[in-house]
Structures are given as structure tokens and as C-alpha cells.
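Okay, so chain A shows up in both of these, paired with chain B first and chain C after.
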Partner chain A sequence: MTVTSAPVRATPRHVPQAAPRNMARLLWVELRHNAMPLVLPLIAVIFWFDSYRIAATLPPLWVVRLYYILGQGHALIDFAPFVAGVAAWMGSRDGRRGTGDLVTATVRPRWEAQLATWAATVIWAVGAYLVFMAVTLYLLARPIAWGGLPWWPIAVDAVGVAAFASLGFALGAYFPGRFIAPIAAFGGLFAMGTSSQIGFSASGGWALILPTMSNGNFGQDAGIFYTWLPDLSVARVMFCGGVAAVAVGLLGLPVRAGGPRLRRSAAVVTVTGAAAAVAAIVLAFTAQVGPYGTVIPALHDAANDKPIPYTPVCGHAGIPVCLQPAYRPYLPDVTTALRPVISQVAGLPGVPVRASQAAAVFAPGPTVGGPDHVGQIAMVRGSPPVLYMPLGTIALPSSFGAVTASFVSQLKVEFAHALVTPGSSYGNPAQQAVEAALLQHAGISLAAQPKALGDTPWPLMGGGPRSAGAYPPPVAAAARRFAARPAAARRAWLAGHLGALRAGQLGLGQLP
Partner chain B sequence: MNVELTELTRRFGRTQAVTGVTLEAGPGVFGLLGPNGAGKTSLLRMMATVLPPTSGTLRLLGRDPGGYGPRREIRRRLGYLPQNLGYYPGFTVVDFVEYFALLKDMPPGQVPGAVATAIEQVGLGDRARAKLRTLSGGMLRRVGIAQAIVNQPELLLLDEPTAGLDPEQRVAFRTLLREFGQRATVIVSTHLVEDVAAACSEVTLMDAGRMVFHGTPDELIARGQGHGIGDAPLERGYSAVLAAARS
Partner chain C sequence: MTTAGVRRSAPGATPTPLTGPGQAWLRMAWLYLVSRHAPAATGLLAGFGALLWAALHWHWNVAGGSAAAAVFPLITEAGAAAVIAVTTYGPFGEPERATGRWLPYLRLGATVALTAAAIGALALGSTGGVLPGGYAALARNVAGITGVGLLCAVVLGGMLAWTGPMAYLVLIESALAAGLTTPWVWPTRPPLDRGGAICASLVFAAGLALVTIRGVRESVRDTAT
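Take a look at the complex of A and B:
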């Protein structure tokens, strides 16, 4: 070519202030052309079918309804595969469309251009999650009488959605192709399935960090008697946020991604993300299941152990019966359950003068609303004696097959058991026989009792043959004999022997 | 000097795509001719700063693109239309051109006007709101040209820009090239010698990665007098030079 002497034009073109405004405009263009909105109707249908539809049938307590959606991770399971797939599709766009040279030949570093696409993808995904959750919470809230929302688990899911979007996007950017979207979606589904399966078998260690791992992340009466413990959720946010940062940071490391300064920034993002994720896993290893949920000592705030103040709602079943207001819908069922049992023993020494709800807890320990060991099974404690009922451990009506009759039946069994035993023990044959007789007169026949007993938490507490089948013949015979006596005779015998019976000092032969 | 190449070489494994190309160019329209596989696209990609040379030196717009800062400044003043234009089917013409205007870091206030001007210049004003998936191949090529010129580049690299354009559009496009050549360096890689004859003040012929001719179109025509094959004088010059280079 000919050498010419024309000067190179040196017009100053760079406008420093242009960068943020251009990025904002770029983000707007990407938001308008993102593929994520196309799958949102499908996610909405699946979310409605899998998460909302079932949660709406559960008892009207936040902890129960949201344990299904958030604790077991159904919301994340509904979102993650689709989000990962669409994000992979968006991440692979330049590779699939052959625009790599065009984008590379522009002023903006390639990583910045990718960040705009990634940000638009994440905004759509996380925004949709938050909107879906807001609508779901609004609809689920209608029959709920009392209690606050667990914001941290919602944050875990939101950051989890961002993590899946970031992982999918990075996968697409590194391996562009038309099959990368279904591969990423399947990977997301596989990760969710594996995470849930691990949740069924593991109850501690690194597995706690998985966002759909249900063990220990929801206290049974969290948000009702005690606050939602955020410890594990904070670690999970760290983990998911760290994974997202690593995925995004890795895109900025190749030479083609940008200049040295930008690549250093990408390296910092990657290392910081990895450190956060690793730190979160280490924190999970230190987690312990406490009475109110999982406690991570390094993250635990003692202020969260304080009970939530409330004014109880009360009814009468021969004795005053008071519940936490969140359980107000169950007050009639509770009085119905207690009345036939209390009517047999009211006024006797050692018989409760009132019944009060206690917080359901994961493990024995100092509990809210009652003395030690109350919180896993109904117990009679104190002077004057009070019946403490942790209703949170009993399958409430409409929770996974339970009905009002089974709830009432379980409550009768727990109350009768608490009357004749210290509560936490299985009971000797004499205690079993008297309990069986009391239950028979409370409306549960001897034949029906094994099933009713099997539905109680006792099997989980190392129960025994009583919960697995019929009573041993001597116990059944003694129970029939005691039940056959007139009410006044039973009451008279109990008046004289209930203390000794509760203390385990009587044998079958000493029953009338 | 806008383009200064010295012994520029590019290898892909054992394949020598570009071998020892040396040339300089200031403002004007330069044609890059050659058969398939001659190395034209590799040479343009190196000039577009998307492909680093294996050896040799490259200076564009007075800067060395080997450094990150200078490379950004070159790209700020660069327009590039690759041979295979990738595009996003869901974008409208306006969105696509605006997208690249933003990536070229144009001042935000200038972007809407520049986008509209570029689209008008390629004759797509009436299809500005059409999605790219609805456009014909020739229209897509014009969209590619629009994104290349939207930042009023000082160095415009066009790889097969007239492929798929109808005759009327090719005539209009050559006019556009000549206008740009008044103030910028325009390098056009093409198979169509009539484009070179109509629009280029200089022409370079490549074969097997080497530069086998450079001069004016008239000089190329002169090489073909009494030699070469083809219907047009420039074609005869083209074939004569290639035959001589291969003999």
C-alpha cells in the first residue's frame, strides 16, 4: 500500500463519566433481551404445583408451611434447574452466535460485557424468586394467626438462585454450545436431588451447608416461642454467595477477558468467593443442634435465645388450657382432647391444675415455657402441677395426612402418659395398664391404642414394643380389669396411689 | 500513519496463515484481494486486535496494540466487520447497533444519534425496529456495517462487506466507503474485484499468506494486459499476478 503522510486523527474520545452510564444502559439492553423471562411462566407453574399448592394445605403456622417450601428446599428445587439452564444459554451466547470477535474488538473488556449479561440474568432470576415468594407468603399468610417470617432462609434461597445462575452462566461461557443449557439444567436438578438425599441421611458436618438440607435448620416452634436462629442461614448465604463469586470471577481470569487491572479484580473476586465458601463449610462443621435449631458458635448471637413474648389464648377443659396465640385455631381441639382425660382425675393430688403450651425443641435443655425436658413430650411438672404440652412435636391436623381425630388422639395419649409417668420414661407395666384404662374411658379403645401410641413421638425417643403392636397380655388384662371398675372406684384408687404409680413404685399385681 | 505492519506473521499450529506482510496505510480505501485461504481474514483479525501476531510488529493509529492501554485506545477508534457476522436474533437493528456503540464506550449522549445515523447510512432506517431474525442475509450484512461505523472509526476493517448485498446496495455501499476513505483508513477484504475497481484507491493481493502485489487498481490492471484470464481488466490483472506468484 502507498505510504501517505496524512496525520492520524487524535480526537479525544474518551469520556470518563461515560462508563457507569454506559454500563447501566448496557444492563438495560441485556434485561430487555434476556431469555430468563421466557421460562418464568414454566417456573411459576412448577412453583405453584410443587411448593405453594402443598404448603397451602399445611397447618397455618409459618414454621410448618415454610419448612416445606424453604427448609426442605422445594422453592430452590423448583427454580435451580431452569435458572442454571437459562443462565448457561445466556453465558454461551457469544460462543454460539459467533460474536466473540465483534465483542473482543470493542473498548469494553470482555468480562465487563459478560458481567452485564450475567447481571441481567441474575436480576431476572432472583427478582422472579422474590416476587414468587412475596406472592406465596401473601397467600399463605391469610389463615396464619400469629408469628413472624423467617427472612434468613428466604435470603439463602435468593442467594442460592444467584449461585445457580452464576454457575450456569460460567459453564455456558466456558463451554458454549446448543446442548450446554440442558446439561446445566440437568446438573442443577442433579445437585438439588443429591442435596435433598444427603439431607435425609446426614445431620451434621459439611452437609449442613447445602441449602436444601433440611436437618436442623428450622426449629419446630421457631418464630413462635423463640426467634428464627439465623446461624446456619448466614453460613449458607456465605457459601452460596462464595460459589457465585467464584463462578463470576473465573470468567475474568483469562487473558482475553480484559486488562491486568480487571483480571486482578477478577482474581480478588474469585479468591474472596472461594474463601467465603470454604469458611462457610468450616463453620458448618462447628454447628451443633441446640434446643431451638442449629447453633454455630462463631455466628451465634445470644440475643436470639430470648423467648418471644406473647399473650396466651385460653379455653377450659375442666382445667384452664392456655396456648400460644399462633396455635389459636387448635384450642378447641386441645380442650376436646384434654376434657375426657381430666374429667377422670380432676382434683386429685398430683393432677394438673392447668394446661399450658410449651415450646417444642430439638434436644433436651433449658426450654421456653416449662422446666427441663419439657419440649419433646407432654409432661406434668411443678407445684401446683401444670401440664406442659409441646404441640409443635405433634402432627397437627392437615399436616401430611394427619387429621383432627389423630391430633386429638395423640394429645389424649400424651396427657394420659404424663399423668401416670414422669413423662420422659417409657413406663412400667402398671403405669401402662392404668394409662390404657384412662385412654379407654377417654374414647380410645384398647384395640386402637397401639396405633395411637405409634403416632406419638415416643418411637423417636427409643419407644418399644408398645408402639409396635398390642400390649403384652398381662398389661392388657390388668388394663381391662382396672377399666371395668366403676368410675368412683377408679378415682378413689388413683387418689391414694397416683403418686406411687407415677414414681414407678407399683407393680401389676398391686393394681385393683 | 494509521496502519504500519512489519514482517507480520501468524501461524496456527503448522499452518502459516500470514507470512511476513509489510505495509503501511493512511487515510483512504484499501482493497485486500486474494483467493480463499490467502490469509486476508487472519490479517484483518490481527489488525482488529482480536488475534495477536506470532511475530513481526504491528502499529495501528500510532499505537502498539500489544499493550492493554494502547489497545483500548485503538479499539475506541476501530470499526470491524468480521467475515462471519455473529448476531443476536432477538435484538432489533437499533438494539444491536446500540449494544456495540455502548461496548465501544461512546459518550452516552451521542449514542442515540450515532446509532440512528449509522442505520440510515446503511439504508435500514425503515427496518430499525425489526428483529434481526426477520432480516435477509444482505440486510444483516448492512446491520454489521452499521455497527462497524457507528463510532465514526478512524480505522475501518471490513471483511467481505458486500457479500449478499444487491447491486443497488453495493453501489450505495461503495459511495459510503469513499466517504469514509476521506477521513479514515478503510481496509476492505473482498473477492469482488468490481468493488475494488469502484471504491479503492489502493489494492493489495495476497496468496498463501504472502503479499504478492500492492499498488493502485490501474497498476493491477496493467499487470493483466496480454496476460491472465477473466472478463474484466482487473480480473485479468488479478489472475496474472497470482499466476506469476505461483510460477
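Take a look at the complex of A and C:
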């Protein structure tokens, strides 16, 4: 029997597809020979020192603990330069070794082979980011009593890491050489530094697209009273994903990258990426700051405006005091602060019958946890009167240099201010004098009040630091006079005059 | 005929260049510098100087405290140090080590010259505005961070040496933000602080000594990845 006379065999239905398997094998080879794992221990140390170490000292609320890591973008700052540098090194491999022509002549198109190296680099970088972030969140979560994670900002940084890796890789592929890795790395750090500079100073517009920009979109009581708005994060994912796509697509455009069909695909990837990035910037321009964060009308889902239901945790300070459960660790401090003020006025007309926490919001508008007109300070409203306290606007102990004593002092001042004034104004001299007397009997002496008021919206004026001001002499004298009266006499006077005092109808001379 | 008895070049052959000992030394030094891409490194150092000039001239300051104010000068200083560290990588490996008995001197000379060039370029760049800490802090920071890069080159290999200055830079920023002032993080110390200067000098001397005597590590990854 010869070959020509042999019976024809039917082609098996499931022919093994060599190309995908080879691509997977190539990816596996690139994963094993990638340089990224070499720098991961270094990134882990930097991430621990720069991000976790600082976040772990902050108050046990997700929004506060993650403000530094995700809001101001330190997770990305810790990852991006290293990832960009190593990716540039990987991208420049063939060029550095002078094997570009050799690998171009292989059976697999150049772009495809580069994609395998790029994919391996991105998988290592993004995978490491996700693992480090998971460990960090696990460790940070231990003292946190309540609240949900901001998944979208985490995704933004993951895509940001991919974008920096892709940009570095493309840079290395186009400009191979020994210096391309440090240039990409320090360029990445320079970009992040510039981004931080713009993020700190800008308030809106295109700058919102920067992952280090926290103004109006990361903070307040997000994730506690209301959900994290994903609008801006979605736009940022679009932007970073678009940048990554452009970088990858550009690799496939040169003639040596592959055949016309492949290069057309690369062009489509490049154009799509560029369109996504530009669209994201355009969307950022349409953003507006609402009560719960930055809203992009085209991306906004009204379902995200619903408040998060919760069962309050309550204590007693002469009146019931109820807080959102995320703030449970601060309930003793709040009752400690309110008790000495309440004890002076409890039961008088116009004095709150309970205290309740209100949400700290990003901008005026309808809020949850209190009536619409409650602003960003403690206020007494409603009938029967209720004290609404937006604790999220006050520096909690161990944040921004605050300690428990300063937190308690600030609460005392806010409550006393809410009792004698109707709103956020400084108050007239009579109101200031009564407030000073109330605070003195609440444990803050007149001498200590400039410091206590220094951290509030109503610092005493003195031409120096906020904590070094002083009451005008007539106000100080009236405060001393009122404070010197017996408790029963003060209470009797307040019973008859608190309404007029709050309305601003009393002058300094009408105080006893 | 064999070449055994030949004492002179064939007619028309390229004549041996007339070189005395000095010229030969210069040629060897130049070839060494070229093999380490020192000319390109010098260009990059000049670029960092220009970047510093632009940052100071146009007041590219990140809002915030001392950590924020020092971001751009420190990026240029650490970037220059990273470039110097990367130049330590040699492409010839064992043959060069086996035959080049002047290699330690060449390593020492090239590293010191590039460090001096970096300080000079950044000092020129600092004329664009007011440099935080002045020239003393600039020289201390560049020398010290270069030392970090050289040590990193010894441990990780020349190609990854840039990760040392980069990691140290992030550490500096974090330390400045947290108010840490250990002399081992010398950019957090005043310009004429003795402790900071000693630590920076020690790190630079250690890096320089190791690179000079031992050379940088020839990482497997330098050739395998």
C-alpha cells in the first residue's frame, strides 16, 4: 500500500487549535520570566511605610482611613513609578538586546508577542496591587465597626496601575535603552507629583479626572450615611483604561508589528482608547458637586442617592444621644461633651429633647439623617427641638492632629453655639457672652476658650493665630458677670429669655 | 611563509595610532565611559538640571508642608542619582573583569565624575529660583542618594539600581510628611546638619567603595528578562 492508495481519513471534528494554546504558553513563559516580581517586595515595603502605616493611625471609619490611600491617591503613587519603570524595562527587552529583527522574523507577529509580554507585566502589577490592597483593607478593617468599602476607587487605582504599566511598556518598546526604566519611573513619579499639585488646588473641571484629586468626591460621610457615588470613578476608569489601550495600540501600528489586519486592529484599539480617554475628560467637565459627592449626569444612577439604612446606637447625656453605628466608638466622647452643657439648660423651652447625628455632606442640598436646612455645624431645629450634629465635619481624635480633648471641646462649643444662636453666624455680643458663660460651666474656662474656639468656624479675633484671639472686653466682662450668678438664677433667666436671645433681640446691657 | 618572522606590518595596513601612556589612558577611560553610556547619562543629568530650573522658575510646588514643597527638587536629585547608578552596569561581564586591571579605577573615576556632574547640573538648574536648603543640601542629597543607588546596584544589579533612589525618594516624602527627622533620611534634616551629612557621606562612601572594589552584581535577570 502506498500513500496514494491509502484510504482517506476523515478530519477530526475538534482540531486542536495551536495558536491560542501557544499564546497561553507564551504568556506563561513571560509570566515566569517577568522582572516585576523582583521589585514587588520593595513596593510592599513602600506601600506599608507610605500608605498603610499612616492610614492605620487614623480614626476607624473607612472614609477617613482610606482618604490618604485612595482619596489622595497614595496607593497609586506608591505603585505607579515602580510599575512604569519595570514595564519600560520589559518593553525595551528586545531593543536592548538588539534582537528586534530576530523576533520580527518569527512566525508569530511582533505585536502579538509584545502583547504577551505586556499582559504578563500588567498581570503581575495589577495582581500585586490587588493582593496588597486586600491585605491592607483586611488589616485596616479590624477596628472599623460599620460601613462599606469604596470599591470603585479601588478599581480606579487598579486600572491606573495598568495604565502606568502600559505607558512604561510602550515607552520601553519605542525607546529601548538602559536609561528608559529610570526615565519612565521618575517620569511616572513626576506625573503623580504634578497630579497631586493640581488635585490639591483645583476644585473641578478636567482635573477631576486625576486619581489624586479628592476635592468634592472622597470624604465627608460617604459610605456611612449614603453610598459612595461611582460617577467620577467610572469616568476615571474610562480615562485610565483608555490611556492603557492607546499605549498598547500604539505598539501595533508600525509596519514591523504585523500584517495589515493586525495593524488595523491596533489602530482600532488606539482610536477606541483615545476616544474613551477624551470622553472621560468631557464627562468630568460636566460634573457637579452634589450633597453626596460628585455627580456626572450622564453616568448618574438615581438609585445611589438613597440613604443607607441603619439602626442608631444611643447613649444618654441628660437627653438621648443617638449616632450612626459607624461612629459608635465616639458615643462616650459625645455624651461626655453634651452632658455638662445640657445639665445647665435641660427642660427649658427651646432646648433640644434629644440629639441625633446628621450626615456631613459635600455641598448644600437635601441631606439624610436630618432636615434639609441642617448645614455642616450642629444646629437645633424642629418641634420638639432636636440637636442635629454632623460629626463627620469635625476632626475626630487621632486625625489631623486632633485628640479626644479637642474633639470634646469642639462638640461643647458647637452645642453651646447652637443653643444661643440660630445658625452659623458668630452671634451678637449678648449671645457670645452667654455662650462663653455656658462653656465656662461646661469645663472650658474663659482663658481656655480662645483655643477651643480656634478650631471652630467662630474663632475669636486677635490678629494672630486662631487660637490666640480674645473676647472683646465688654463681652468678657458680661460673660464673667453672667457666669458668676448662681446656677438657679442663670437657669431662671434663660427660661425667660432664651428665645429672645436666640433671635438676636437682646443686647449686652440686657444681660443680668 | 609563516608569520613567525614578521616584525613589521604589511604595506598598506592601518598604522597603529601613536599613543603615549597618557593618550592610552584617555582612550581607555573614554571607551569605558562609552560602554557605560556615560555621555547619554551626562545629557540626562543636564535634563534633570533643566527640569529643576523649570520647577523653581515656574514655582511648581505641591500645596502643603515641607514634604510637598520639596517634591520636585527631590525628584530631580533622586532622578540624577538613579541615572548614575544605572551607568554602573557593564555589558562585558567576565571578560572585562578578567582583563581589565584598571577597572576599579575606571569605576571610581566614572562614578565620582558623574556625581560631580550631577551636582553641577542641578546647581546650575537651581538658579531658576530659590532652592529649598541651598547648595549644601543639594550636594548632600545627591551624594547620599547616589550612594543608595550604588548600594542597590551592588545588591540588585545595575539595571535595577534605579529602584533604590526611587524607593528612598518615596520614603523621604513619607518621612517629611510624618515629621520624622532621623539622620539616615538626610533630606529631612537642615542643610548644614552634621548627622545628616555624616550619614549621607557614609552611604555614598560605602556605595562607592563596593562598586569600585567589587563591581555591581550581574543579575541573572539582566540577561534573562
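Note that the second predicted complex is superposed on the first by the 481 of 512 C-alpha atoms of A that agree within 3 Å, B and C clash if a C-alpha of one lies under 4 Å from a C-alpha of the other, contacts with A are read in each partner's own complex, and residues count from 1 in each chain.
Everything below uses one rule, namely that contacts are C-beta pairs under 8 Å (C-beta built on N, C-alpha and C of every residue); 3 or more make two chains touch, one makes a residue touch a chain.
Everything quoted here is computed from the prediction, not taken from an experiment.
S.K.: So, A:108: does it touch chain B (first), chain C (second), both, or neither?
M.R.: First partner only.
S.K.: Per the contact definition in the header, classify A:383: touching chain B only (first), chain C only (second), both, or neither.
M.R.: neither
S.K.: Looking at the overlay, what does A:259 touch: chain B (first), chain C (second), both, or neither?
M.R.: A:259: touches chain B, not chain C.
S.K.: Look at A:311 in the shared chain and tell me whether it touches chain B only, chain C only, both, or neither; answer first, second, both or neither.
M.R.: neither
S.K.: Kindly classify A:25 by the partners it touches after superposition: chain B alone (first), chain C alone (second), both, or neither?
M.R.: The answer is first: A:25 touches chain B but not chain C.
S.K.: Examine A:94 and indicate which partner it touches, taking first as chain B and second as chain C; both and neither are also allowed.
M.R.: first
S.K.: Return first, second, both or neither, reflecting whether A:33 touches chain B, chain C, both chains, or no partner chain.
M.R.: Touch status of A:33: both partners.
S.K.: Is A:189 in contact with chain B, with chain C, with both, or with neither (first, second, both, neither)?
M.R.: After superposition on chain A, A:189 lies in contact with chain C alone.
S.K.: Which chain A residues are contacted by chain C in one complex and by chain B in the other?
M.R.: In the superposed arrangement, which is not itself an observed complex, chain A uses residues 33, 93 for both chain B and chain C.
S.K.: Taking the complex as given, what residues does chain A use to touch chain B?
M.R.: 1-6, 8-9, 13-15, 18-19, 21-22, 25-26, 29, 32-33, 93-94, 97-108, 113, 259-260
S.K.: Across the complex, what residues on chain A touch chain C?
M.R.: Contacts found on chain A: 33-35, 38-39, 42, 45-46, 49-50, 53-54, 77-78, 81-82, 85, 89-90, 93, 177-179, 181-183, 185-186, 189-190, 193-194, 196-197, 200-201.
S.K.: List the residues on chain C that touch chain A in their complex, please.
M.R.: Interface residues on chain C, with respect to chain A: 37, 40-41, 44, 51, 60-64, 68, 71-72, 75, 78-79, 82-83, 86-87, 89, 156, 158-160, 162-163, 166-167, 169-171, 173-174, 177-178, 221, 224-225.
S.K.: Provide the residue numbers of chain B that touch chain A in the complex, in ascending order.
M.R.: Contacts found on chain B: 1-3, 23-28, 30, 45, 48-50, 61-62, 68-69, 72-73, 75-78, 80, 82, 84-88, 90-91, 95, 98-100, 102-108, 111, 147, 154, 183-184, 201-202, 204, 214, 216.
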